[in-house]
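Given below, in the form of structure tokens, are the structures.
Look for chain A in each of the two complexes below; its partner is chain B in the first and chain C in the second.
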Partner chain A sequence: MISKGAKWIGWTGVLMLVIVFLLALIGPYVVRHDAEKQTGMPFQPPGAEHWLGTNDMGQDIMAELVVGARTSLTIGIAAALLATLIGTAIGLVSGYSGGWVDSLLMRIVDICLTLPFLPLMIVIGVYMGPSLITQVMVITLVMWAGKARKIRAQTLSLRSRGAVLAAQSMGAGHFYILWKHIFPSMLPLVIPQFVQAVNVSIMMESSLSFLGMGDPLSKSWGSMLFYANSRSAFLTEAWMWWVIPPGLCIVITVLAFSFIGYCLEERVNPRLRAYQAASLKGAKSAVKAALPGTSTADLLAVESLFVRYPKENSTMTAVDDVSFVIKKGEVLGLVGESGSGKSTVAAAVMQLLKPPAMVEQMGIHFADRDLSRLSPVEMRQIRGNRIALIPQAAMNALNPVMSVREQLAEAILSHRKAGKQEIQERIDQVLMQVGLTPRWGAAFPHELSGGMRQRAVIAMALINEPELVIADEPTTGLDVKVQVEIIKLLKDLQQRLNLSMIFISHDLPVVLSLADRVVIMNQGKIVDQGQTLTVAHHSTHPYTRRLIDSIPRIRTARPLQEQR
Partner chain B sequence: MSANAKAAEHMWQEDLLQVRALRKTYAIKGSNKYKMTVLDGVSLSIKPNETVGLVGASGAGKSTIGRIIAGLETSDSGQLIYQGKDLQRMSAKERKQATSSIQMIFQDPYESLSPRMTIEQLVAEPLVIQKLHAKDSEQRRHAVRDALTEVSLSPDRYMQRYPHELSGGERQRVGLARAFITRPKLIVADEPTSMLDTSLRLDLLQLMKELSERHGIAYLFVTHDLALTRGFCDRLLVLDQGKVVETGTPEEITEQPQHPFTQGFISALLELDSF
Partner chain C sequence: MDGSWFSSTFGKKLIQYVLVLAVALSINFALPRLAPGDPLEFFFGESTINELTPEQRQRALHELGLDRSVWEQYADFMTGVFHFDLGSSIKYGKPVTEVLADRLPWTVLLVAPSLIISAVIGIVIGAYAAWNRGKRRDLFFLSAMLTVESIPGFWIGMLLIAIFSVNLGWLPSFGAVPLAFTGGTAEYVGEIITHMILPVITITLSTVGGNFLLTRSSMLETLGQDYVYMAESKGASKRSLIFNHALRNALLPVYTHITMSLGILVSGAVVVESVFSYPGIGRLLYESVIARDYPMMQGVFLIITLGVIAANLLADVTYPLFDPRSRSRAWSREVSSSKQIGEETA
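Here is the complex of A and B:
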């Protein structure tokens, strides 16, 4: 699926390319003059005999253009093909084998990347003599290394993918894995790389020829410009028919490949696509008038929230008519299996959903303000300040190159001005609250254990004394022991600081232990909600019962104890 | 050889797989001196048709054992005696043959299935790699249908579909069918349930159990979720910092943990459980 705009651009590119190819392929049969021979008077303006006039030697310019098209396309495609092939092969081998092979190949790539293009051309040209082959060689030499790097990076990430490991565990050989699993995943990347390479090599060929370093015996668009320039075409009127046509040809060809490349690139990179879709649809168009029906005791009130995603010709509803309120000091548990839309709700509250998501709501009221109507700047002041998020993956949530203390300081400073002394005191205070001794503040994320990292993330969330904390699966992926610690900590913090919290989890026992009220979601809809104990013991909703009954117990199965 | 030693030898021979004194260290990046010990002399044995659970905290090395057995990694020292032969000393060809009767299912049902292949191609892949029924595509197809039926997926509905059209639970069944198609004697299951929703976890284990009963398959079940091993595993090994610290039935270990690590682990679980 590509956006309409990109498709249009792509087809324009194809059309332009067809014109250039037609020029190269059937040109010789239409233009009857020989580009190498003098067929008219020098400097003849365009006319019936010579459609685009003649040059200083009386050669037909139209005929030259046709020959030039062949040269440019041949060199462009040959060099791009070689560079892409070599780059892909080296990148695959290097990324897949790793170890010293990888190191060696990557050093060679580094060297090639630093090679200066023009001097290289001059040196090689002197040794081999200027010719088509020399040009192809130089362009390939300059271009393959960049491709190899890109392919290697991709291979590295594919090599540890589950599907590759699975094949390996079935006893598959290296060649089989490379050919059947890695290369096909690479193709969508290789093809746009090739198109871009054609583009660059045509430009390179033209520049080389224009500087007189091309093959003097074969005519190309660049060499036409070289002769036009050296025979002072610009001093006469001849530039109009001698300079503009080859110039135009280069522009059209390069543009054509760029357009096609852009279109392909968008197909490979879905992010580009997402931004386009949004501008087309006008994501927030359907905001209706908000009802001021919320009481002041409610800290957050979400009314009729819908989130939809476009899906081939239709939409997929991720969040379907969700409404709930949170009172001050209350913990709301949001429970559901993966794909139930619980995290999407949180992202919608934080106004973090980006296109292609389409959000509709009657209102998301936070402390008497409708968050859905705030400007991005206003929202930024609330986010991380009055509403804070504790995200799931603690390792990814922290900046690996900053110490915990620096990150905490940054979190404060992004919302208010504060003196150094004040900042340090606040950081010490928060670190103590989350159970880290202040000296750990100097540590970098990788120096912390999983549990400590999660504490640091909680500290980040609490640093600006938020009124509402949204914890999105804060214990998932942690060891059982650490999970217990973190849950205790959150419980304790919530009581001490009287936090209001949305606690999102697929882990029902964890939620039952923390939340005052629970909301149970399934396939985007709220299927059940109520006070935690009531839901746990008395809910008759089949989905809720299934969730509760499927909790495996390590000792004999027994009913939930009334111990909260 | 004394009678005792002979008896011991005999017992060893009954095992499908013996892992003896397995050691594995990883080099720490940027340091020539220090290495991280992942496995510190682990020994274990699996009898035919037996389900052995390997539990422990993350980083205890439990996945590494599974990966070494499945041939995804090599050990620094130690032996893997499979049906009386050392897997790590086999030639590449012999090893390949042996691996057709050792298969693996993975943690992530989204990643471990290539998105470009249909379910039929995915399930048939071990046959392709092992060059089984190479000439007879009808037989291959038949084998795929069989394997899918074994994991309760209707072949007619699923064979031509792609992984992205399936739910997590269905994908994990496809993974199981793919492991089963070569009729293995041992399946290494590396946290196969951890990415599934709670309500589906027990279903998958039930299916694995039935498969094992029908076809005599042994499992090495790697998990951090002790609660799941009850009723599924015959025997548990508790791993801590690269060493086996305790063995026993799931009941023994959950009711009367002996080793301090296991005790701490169980009490943390109980605390979670009691919420």
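Here is the complex of A and C:
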């Protein structure tokens, strides 16, 4: 799925391309004049006979444009095709074979990319003599290397995919794998590369022709401008019809390919789609109906939360009518497989869901306020201050260009004014609490191990002494020994600081050991909930039973075994 | 900056640049000898060699060493280059290096301000568009910048001349200073500035699209990163999210691109300087192509290659100032040796 804007851009590009191709294809049958012959008076303004007027030699400008369209498109497409083919072949071989072949080819690519391309084209063009072939070759020469590098990167990521590894382990030949597995999945990536190459090479062709390096026997838009410039078109009124049309033709053609290329690129490049602006329509948070009066003992009460995502023609419900409460000082375990909607619940509580997510709820009550009705500013004051999140991806949750101390200080300063001294003291204190010596504060994230980074993230969550902490799979991506340490730390901190905590995990034994109550989610719905011990020992829900039965017996399962 | 860092990252880069230079020099050496036609023409120009007697021809070939083996010639050529001897310009009748030294400052004068203006505009609008991704203003700036990027620089220049020089008569369209000039230093500087305006606008317009697109896509990537989500969940302000977290990281590749384009721009100025007859390196290349002044042309190609390499080096050397991950590894070594200390308090 691509955004509406990209689609609009893509179709505009297609429309412009159709116009240019029509000019090139049917132009010769519509325009009556020969571009090479003098068919009128010099500098004739546009009129019935010469639609776009004539140049200084009395040649028809419209006829020249038609010839130019053919030249530019031919050179552009031929050079782009050649460069893409060579680049793809080299990129595939380099990425697939690896080792010294890869290093050698990539060094050559690096060198080609560093050489200044325009002077190189000019110098080679001068020695080889101007002609269509020279232009195509020179443009290909400067473009293949960039393509090779992009294709290589994509080959590398394809090479490690399951189907390729499987084929390799079954003894398939290299050629077979390249042809059957890598090339087909590469094709959707190669096409935008080709389209983008066309616009670059048309631009290069016109620049070369403008510098007088084009084929003197075939007119192009660039060479029309070369003559206009060198024969001082500006001294007469003629520049209006002599200079503007060929330039516009170049712009429309290059733009057509770059619009289409952008649209195709967005379709295959997921990282360009990762982020959507907030407060876009569709990201509405609808309150269904307020229910008065929640019990004051509840710190947080989520009532009837729905989260939906648009999907082709229907919607996908990620969170389906979820309600739960958490009391002060309580640990609530939220358990489910990946994709069961538990992280979405956490993001919804924090009001951090972005479009295209659609959120509906009766209310998310926190300390007598409905979070879903707060303004963005009011919510910002609560986030990280009264409710803190320990997010899933500890390895990437810290900003790589800021030191730990800077990031901790920012967490404080986002919520209150404080003196330097006070901030530093608080940072030292919280670092010690999570088991880091204060001097690690000066370190940048990449200088810390995974476990240390997660400790820093926990420190950031605790630094403003929040009333509620949401720990969203806080041990993902850490090795087992560190996981145990982090869980121990959280348990310890929870007891010492009497934290209220929502602990989200797929790891049932861990949750059972930490939580006072558990909520079990499956496919967006709460399927079972209750006091930890009750759920562990007496649940009759089939899904809960399956989860509990799948816990390896050796560890914690003795009481459960007795049950069976 | 310790030894291991130097030998790994930086050393590799240096080897690459030396190779680039070698390739550029070899192209310079090989082209006149491989190209169809009389090699002597490439050294003295067409008109001169037509007047030579066979004996003079023979002597010229001998003096240039063209009658010796290719390897000897190559060695001679390289020695010459390292003594800054690039031969004599046919058109100017002066050593190539002297002409280059005259022209280089003018190009720098055009390229430097253009680069700064284009970087600032591209980054600001790019970041703004990314933050408003998918909204109407993002779409507007995206299509506008793609359009600006599709306009050939020389055409922008021609239109600017037509409008501001010919029709309105506000600004000069030709050269860097008036041909005949009488006046004080202040007026002279003023003339230089008015002559700069149109070329600088042209170069700025033809590079701003690239800076915009790179900033926008880089920013979109950082906005989707976990650390921006974390910063938002700790209650950081919108301003801090954009500037401290997303943009500061997004600018890393943009910085490299802009610094490196300093070198590429010198060659990009070929087109713009030709339109405005601006006496820089680019115009020099164009003139020597038209005059078939081969030694001059090779000299320009060489100096542009050197410029590109210098810009790349500058990017490599200054990058660690902005990205702590590429700074010295002293800290991390300390980390690994003292990791136990950090963790024992746990």
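One rule holds in what follows: the second predicted complex is superposed on the first by the 392 of 564 C-alpha atoms of A that agree within 3 Å, B and C clash if a C-alpha of one lies under 4 Å from a C-alpha of the other, contacts with A are read in each partner's own complex, and residues count from 1 in each chain.
Definition applied: a residue touches a chain if its C-beta (ideal position, glycine included) is under 8 Å from a C-beta of that chain, and two chains touch if they have at least 3 such contacts.
Computed from a predicted structure; not experimentally measured.
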item: Which superposed partner A:411 touches (first chain B, second chain C, both, neither); value: second
item: Contacts of A:497 with chain B and chain C, given as first, second, both or neither; value: neither
item: Touched partner set for A:207, first chain B, second chain C, both or neither; value: second
item: Partner contacting more residues of chain A (chain B vs chain C); value: C
item: First (chain B), second (chain C), both or neither touched by A:89; value: neither
item: Which of chain B and chain C A:533 touches, first, second, both or neither; value: neither
item: Contacts of A:57 with chain B and chain C, given as first, second, both or neither; value: neither
item: First (chain B), second (chain C), both or neither touched by A:512; value: first
item: Chain B versus chain C as contact partner of A:156, first or second or both or neither; value: neither
item: Partner chain(s) touched by A:110 [first = chain B, second = chain C, both, neither]; value: second
item: Footprint of chain A on chain B - complex, ascending; value: 57-58, 70-72, 95-96, 99-100, 103-104, 106-108, 110-114, 116, 125-126, 129-130, 168, 175, 178, 182, 188, 197-199, 201-202, 224-228, 230, 254-255, 264-266, 268-275
item: Chain A residues within the chain C interface of the complex; value: 3-5, 8-9, 12, 107, 110-111, 114-120, 122-124, 126-129, 199, 203, 206-207, 210-213, 222, 225, 228-229, 234-235, 239, 243-244, 247, 250-251, 254-255, 258-259, 262, 271-272, 274-277, 280, 350, 352, 380-385, 388-389, 391-393, 396-403, 407, 410-411, 414-415, 432, 435-437, 440, 443-444, 446-449, 451-452, 455, 457, 460-461, 485, 489
item: Residues of chain C touching chain A in the complex; value: 16-17, 19-20, 23-24, 27-28, 31-32, 34-36, 42, 130-135, 138-139, 142-143, 146-147, 149-155, 158-159, 161-162, 165-166, 173, 217, 220-221, 223-227, 229-237, 240, 244-245, 248-249, 252, 263-264, 266-268, 270-271, 274-275, 285-286, 289-290, 292, 294, 297-298, 300-301, 304-305, 307-309, 312, 322-325, 331-332, 335, 339, 341-343, 345-346
item: For the chain A and chain B complex, residues of the former touching the latter; value: 161-163, 165-172, 176, 181, 184-185, 337-338, 450, 479-481, 483-484, 487, 506-510, 512-514, 546-547, 550-555, 561, 563-564
